[in-house]
Amino acid sequence: MRNFPLPWPCAARARPASAWPALAWMLLLMLLLMPTLAHAQDQTQNQPQDQSDDAAIELLEALDVSSYADKGAAIEAIVTSDDSRAREWLQELLDGRLQRTDDGRFVVVLENRGRDWPVADALTGEALGEISRRNLERIGINNALRNQLRSAIAVVDLYSPDLERRRASAERLLGEVDADLAEPLVSVIEGEEDDQVRERLVQALAIHRIELGELDALSQLEGSLHPRVRVALNRAASGDDPVLADAARSALAGIEQQLKINRGLETLYFGLSLGSVLVLAAIGLAITFGVMGVINMAHGELIMLGAYTTWAMQQLLPGQPGLALILSIPAGFLVAALAGIAIERGVIQFLKGRPLETLLATFGVSLILQQLVRTVISPLNRTVVSPEWMSGSLHINDALSLTLNRMFVLGFALVVFAGLMLIMRRTRLGLEVRAVTQNRAMARSMGIRATRVDIMTFALGSGVAGLAGVALSQLTNVGPNLGQNYIIDSFMVVVFGGVGNLWGTLVAGLSLGVINQVLEPWAGAVLAKIIVLVFIILFIQKRPRGLFPQKGRAAEG
Amino acid sequence: MTTFQRMIPVTHTRFPAKPARFAAAALVAAITAGGVTQVMAQEEEDPIKVGILHSLTGTMAISESTLKDTVEMLIEQQNEAGGLLGRELEAVVVDPASNWPLFAERARELLAQEEVDVIFGNWTSVSRKAVLPVVEELNGLLFYPVQYEGEESSENVFYTGAAPNQQAIPAVNYLHEQVGVERWVLAGTDYVYPRTTNRILEAYLQEEFGVAEEDIMVNYTPFGHSDWQNIVAEIGRFGSEGKKTAVVSTINGDANVPFYRELANQGIDAADIPVVAFSVGEQELSGIDTAPLVGHLAAWNYFMSVDTDANYDFIDAWIEYTGDEESVTNDPMEAHYIGFNMWAEAVRKAGTTDVDAVKDAIIGVTVPNLTGGYAAMMPNHHITKPVLIGEVQDNGQFDVVWQTPSTVAGDAWSDFLPGSRDLISDWRAPMRCGNFNVETGSCGGSTAAEEAEAALAE
Amino acid sequence: MWLTRPFSERSTQLFLGVLIAAMTLVTFLHLALPESNPLYVNAYTVNLFGKYLSYALLAVAVDLVWGYLGILSLGHGAFFALGGYAMGMYLMRQIGDRGVYGHPELPDFMVFLNWDSLPWYWAGFDMAWFAFLMVLLAPGLLALVFGFLAFRSRVTGVYLSIITQALTFALMLAFFRNEMGFGGNNGLTDFRDILGFNLRSDSVRLGLFLATGVALGLGYLICRAIASSKLGRVCVATRDAEARTRFLGYRVERFQLFVFVVSAMLAGVAGALYVPQVGIINPSEFSPLFSIEIVLWVALGGRATLYGAVIGAILVNYAKTIFTGVMPEAWLFALGAMFVLVTVFLPKGVAGLLAYRRKNSTSSSTPGNTSNTKEVSA
Amino acid sequence: MSFLGSLSERDRVFDFLMPAQSPVDVRHGPILYLEDVTVSFDGFKAINDLNLTIDDGELRCIIGPNGAGKTTMMDIITGKTRPDTGKVWFGSRHNLLAMNEPEIASLGIGRKFQKPTVFEALSVFENLELAMAADKRILPTLTARMVEPVRERIEEVLETIGLTELRHRPAGILSHGQKQWLEIGMLLMQRPRLLLVDEPVAGMTEQEMERTAELLTGLAGKQSVVVVEHDMGFVRSIARKVTVLHQGSVLAEGSMDQVSNDPRVVEVYLGAPDEEA
């Protein structure tokens, strides 16, 4: 196998190509690692019995080689050298922050934004001011090394005073315990005062002991849903020791039962989160189409505008994706709402009572908006970063964890829905809207300015589309085609739920989402979608007015 | 366009009725009359026309518009270097607008109307399939720069992108040998390229590495699929069975972002389950948040991060041409770079832009690629390429972690598909056959061959 | 015979006259003139015209349901595509063993996806008569089933539009699936012969162009005959006051179904003529966007006039050819603007303008058709 | 109605598709017979066990304040609305609740809407042509030709409603009154046994009103006519028997004088704003 030296000049040249997401990511890392650094500082101060810098430099020198195999060896060396800075070096190496200057100095990049980066000496930790990134060369690693580093760090962290680190380490060691780690582990377990860590370590040890064929270790794994545990048990079950095998099998049986339930919950969650996306996309239509009877084919593009607003916000506030995201909620609403007003004034008002023409005209608008984005901004997708509090997932148990970004979207959808309900039920606007939809002339004669109501309603619907866009920017591409992918689904949801009925939209959206996710595993993604569509088509034939139809004379109109 | 080629379609067809026969006669007369003078004129001062057939609008514009710029840049450079055969090169750009029938129509326009000497174009398989009959009928030259599913060899098309054996197979070799992967997820968008590639890989994994049925999971999703929850969860479960697992992704374009995001969010890390992608390059990365992708792999024949002077020169030229510091280069661009130079070389060799002459001359032509090696045009109209595996870095670039020791020659017909095992392609005389069946020892009946014979008969 | 009635109408005579004239002119310019002649029409252009004509036929079919029945179908692309696929399957079978794998029966895409035998629904498509029958039946049946369900439960207006859109969208997804056995995204392509004639010869292209012209003429005649019959007036009645028509004792849903099916079949024929001329059929023809675009052709030309639909189809597509050639970026803007401007400022379309210029037409709520219904009843 | 059914029905001949000799059985007197009919929209009872009998050839006026359920009643008779409970019989043979609009229409029940609805895009002549009693299945309609007797019949009706000059103008341009007549004309073309006329003179001038009155009274005898009207003057001018509806059920019935002297009627009605007598 042949290895390439790291092409740093090229990397440097190309950095602008995607500097910005890279920055965001790096910043994110920094946030995570602040404690680490602080730790590094004091460690280096109050640890005088460290070996000489030359020795340390030798250790690091060994890392700066082309062959990944040699790098692996070098890492091993660092681990075995009980240098107190070893852990930090490994961490920095893992994060790609351990770099080397032209003059061969090993430095830690503290922050990699802009052309010149502040760095600190890898050995002493003293700040060295800023150095142009062109004069820095990163010490590259690959996945194999990443794994090695993580395990190594885990072992070191076992003894760390920091609880979080010990937890992470214990998590990591599950299934990676080998003979020479085993017996120090026993003492560690005794010394450990945190239950969670201890439990994990016990399991880790138990797995190791089962591999050695010790039957009594099984009891310690009872009821654990962790995949690694399952793997260990599976191995044991297929092992040649019959007694152990039977025991393992029975243990597995219990676990499988548990897993089924969790899987069911998982699917439900998936369904709801997909449903929430549908609801968000459709709820705006439910207002413009359902309440006003206006077919707005440009709805999808309003969603797109919302998403682009998020992107723009993040451009304005580089390095603060979270703040930008929160700010873009009102911003997105505003932008889309204004666009909506423009559409209403510019096109729709001339087509009152001609729904089909409205449909065509607004479709034209959607084409224009799309092409506008393509020419003005770019045909390429835009980068929208997820703030770190939205990435990752919420750990329920070893077999079930819920992805955070989707949970936020789900919550957001419900909030938006509740808000709309309030507006429609409690506010003057809602009252007027309902009045106008029931009987325009009458409402007019009662002094309601129908035109104004139209504008407000349409703005509201469009604004909500904008909100949907903000949410979607966290789940999918932000590009000119974003809208198209949702318009048909949105119409389906509204029609299925029953036009002019917000509750209908909510129920329809969520249930369609769940149906889709339940079908997907055995029908496949494509077929599932088709089945759902056909189902709706047939359903509409049976009940032309959807799930929750409006009754009586009002419906005749 | 010389006279006899244009007559081929006419003189070698059965006619529905008398008027048509008269038509043909008239046409032939017209052509031979007008045609010859044209040729005379053309040879002297007319510029050499280079057709560019890439979508500038519609869904494919994202990927294809940069290729159009690339060819225009190459033409510019060529002209600065004094053109070709002392004649200027002139780019003829048309926009097929990501609409497949329109691709065929535009190709016809380029060949019949504009009478271009060569076409550089197409991205999607379907667009190539749409253009193919036109190019064969009007005997044009098409250079196709994108990795594709193989299973095709046309006398008039030159495939400068990777065939499956130049991308997919080396990639799984790497995963198997270097990473020790035993369990495979073949995830792809539901169209021909992933379908074929995955079929080949399935067969390959089972035959070469003896991978068991239950250790291969195949999954197809529609274009632009955005809800990956279920599939990713499934991959996670599939990967947590104790064996080292990897995902071989032929997922196309827009579907990738949500896919990688979901992977990251569900805590599936590149170190646990690496994903090797065949359709994710610098261009694609420039449009997305790379954070979730770091450490995942891609297999290409070129990376912008490749450390060679040729590459740096190309990048400099490109950045200068686009005037955008941030613009990136990618694999299909290199393919065009190679293809263009090969064509230019062949034209010099043949001393004319005449299609048949160039077709014969180009086989065996060797030009430098951007990764420090050379690319040669094989008799099956595919080229030799090195295969590189890169790891995604947080800066949207790839860190090359592995490379085939030598270049790999493209296979038109995969050895791992029952249908095409016995087929070979060789466009040199006397064989002149795109799908010669070594079993039956006969040429599988592609009309391209017939027409070629017909042409010789003239 | 009711089909011959429209001949007595001025608009029909005019339309057919122009059509025939145009066809003969193109044929002449293509065959008789030498290539050097500036007026010479080359095969490429003939082919282009052929495509426009098949689009025109499609537009006529849409106008029949939208203009006269008031049903805005956003799914007619589906019928068009089905007809196209039926023809495509025939053309695929015609390739026979000349495919790249030289397989006597299976199309190439089936061979390299390891299909061992032809799916049952491909059976019979090697016979022209069967295939051509399918060109009518496939769209016809779909329309029959869909229409029956929809009209029976009185799904009309916007709802119907949305549902038709969903229909074509679902079909698109379905045809994208490779398991369906229609070539997935790549669709059907690389055709060789039709009825034994080489598709790649210019004379056959001319033939196809003429055939399309004839089909358009016939299609127009059928639609016109329906429109100007008493049934046509029932349609208009349904469009303007459905309930009233019911109280007059007409089974509205059946009239709607009948016309809908006829229209779908015409769309199918258009698709069947389109495919051999462009040389490929793939699921993108099912895309809702295309279906909506068809409606624009009709709206631009003028609803409920039939000839307006033809004008619209040719105008828009010609513009498309020009634009995407000259200034690609601008095309979508232009298209979008057309949608808006036509619906807002030109509700009666070009035909409306013509009618207006002829005699500032009556203030009736619909364009055109008042002018031609008189002669019939009188 | 099964899918296959709908196909086969195309070429089946229904007796009720020949309204001319529609076998309505009126030997027992009443041509229309409503018993204990009740309908409610979202709890609100639009019709509350209503009982009503119309004799063959009778001209009946139905009056009542807004929301008394007049229009709903017509909807029920013509099959537009289905009652929750009750019986509706046409003659003593046809149960209207078992039929849909076209069937009922072909039985010979014609309806004129409150707001005049004619086919504005079609000419007056064509409006009548469509209304014409004829084979109304698809193919016959498609191949139908204009034959002399039909033309005569249409001309005749054109005379009756006095629109002969306007016969070829689109109905859209007619005045309000003319539309009303055209609509009545369309009903006549159906040769109905029972005519339901909803507010025929709303927004008419005096002369128009008189003309309409003649028209309706002229019809009575040949056909049974049910007129729903607000305008007391008009009602008085044509009515022989009057039924007062209130809150969805019959309040009083009898000659105009009887009714107008009925104290309950006076209470709910004659006090009401639209009194004109």
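In this document, chain identifiers A, B, C and D correspond to the written order of the chains, with residue numbering beginning at 1 in each.
Everything below uses one rule, namely that a contact is a pair of C-beta atoms (placed from the backbone, for glycine too) under 8 Å apart; a residue touches a chain by one contact, two chains touch by 3 or more.
Keep in mind that this is a model prediction, so the values were computed, not measured.
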| item | value |
| --- | --- |
| A-C or B-C, whichever has more C-beta pairs in contact | B-C |
| Chain whose mean Cα position lies farthest from chain B | D |
| Most central chain, judged by mean C-alpha position against the global CA mean | C |
| Centre distance in Å when chain A and chain C are each reduced to the mean of their C-alpha atoms | 46 |
| Centre-to-centre distance between chain B and chain A (centres being mean Cα positions), rounded to whole Å | 34 |
| Chain A and chain D: spacing of chain centres that average the CA atoms, whole Å | 65 |
| Of all residues in chain C, the ones touching two or more other chains | 152, 173, 176-177, 329, 332 |
| Per-residue overlap in chain A, given as positions that touch at least 2 other chains | 374, 526, 529 |
| List of chain B residues in touch with chain C within their complex | 9-10, 12-16, 19-24, 26-27, 29-31, 33-35, 56-57, 94-97, 99-102, 104-105, 108-109, 112-113, 124-126, 129-130, 132-134, 137, 151-153, 190-192, 195-196, 199, 220, 222-223, 417-420, 423, 434-435, 437, 440, 442, 444-447 |
| Contact set on chain D toward chain C in their complex | 1, 3, 6, 10, 19, 78, 80, 100-102, 105-106, 110-111, 113, 117-123, 125-126, 129-131, 136-138, 141-144, 146, 168-170, 172-173, 186, 190 |
| List of chain A residues in touch with chain C within their complex | 295, 297, 347, 350-351, 355-361, 363-368, 370-372, 374-375, 484, 488, 491-492, 495, 526-527, 529-530, 533-534, 536-538, 540-542, 544 |
| In the complex, chain C residues that touch chain A | 72, 149-150, 152-155, 157-159, 161-163, 165-167, 169-170, 173-174, 176-177, 288-289, 292, 295-296, 299, 329, 332-333, 335-340, 342-344, 347 |
| In the complex with chain D, residue positions of chain C that touch it | 2, 145, 148, 152, 226, 229-231, 233-234, 236-237, 239-241, 243-252, 254-255, 258, 362-366, 369-370, 373-374, 376-378 |
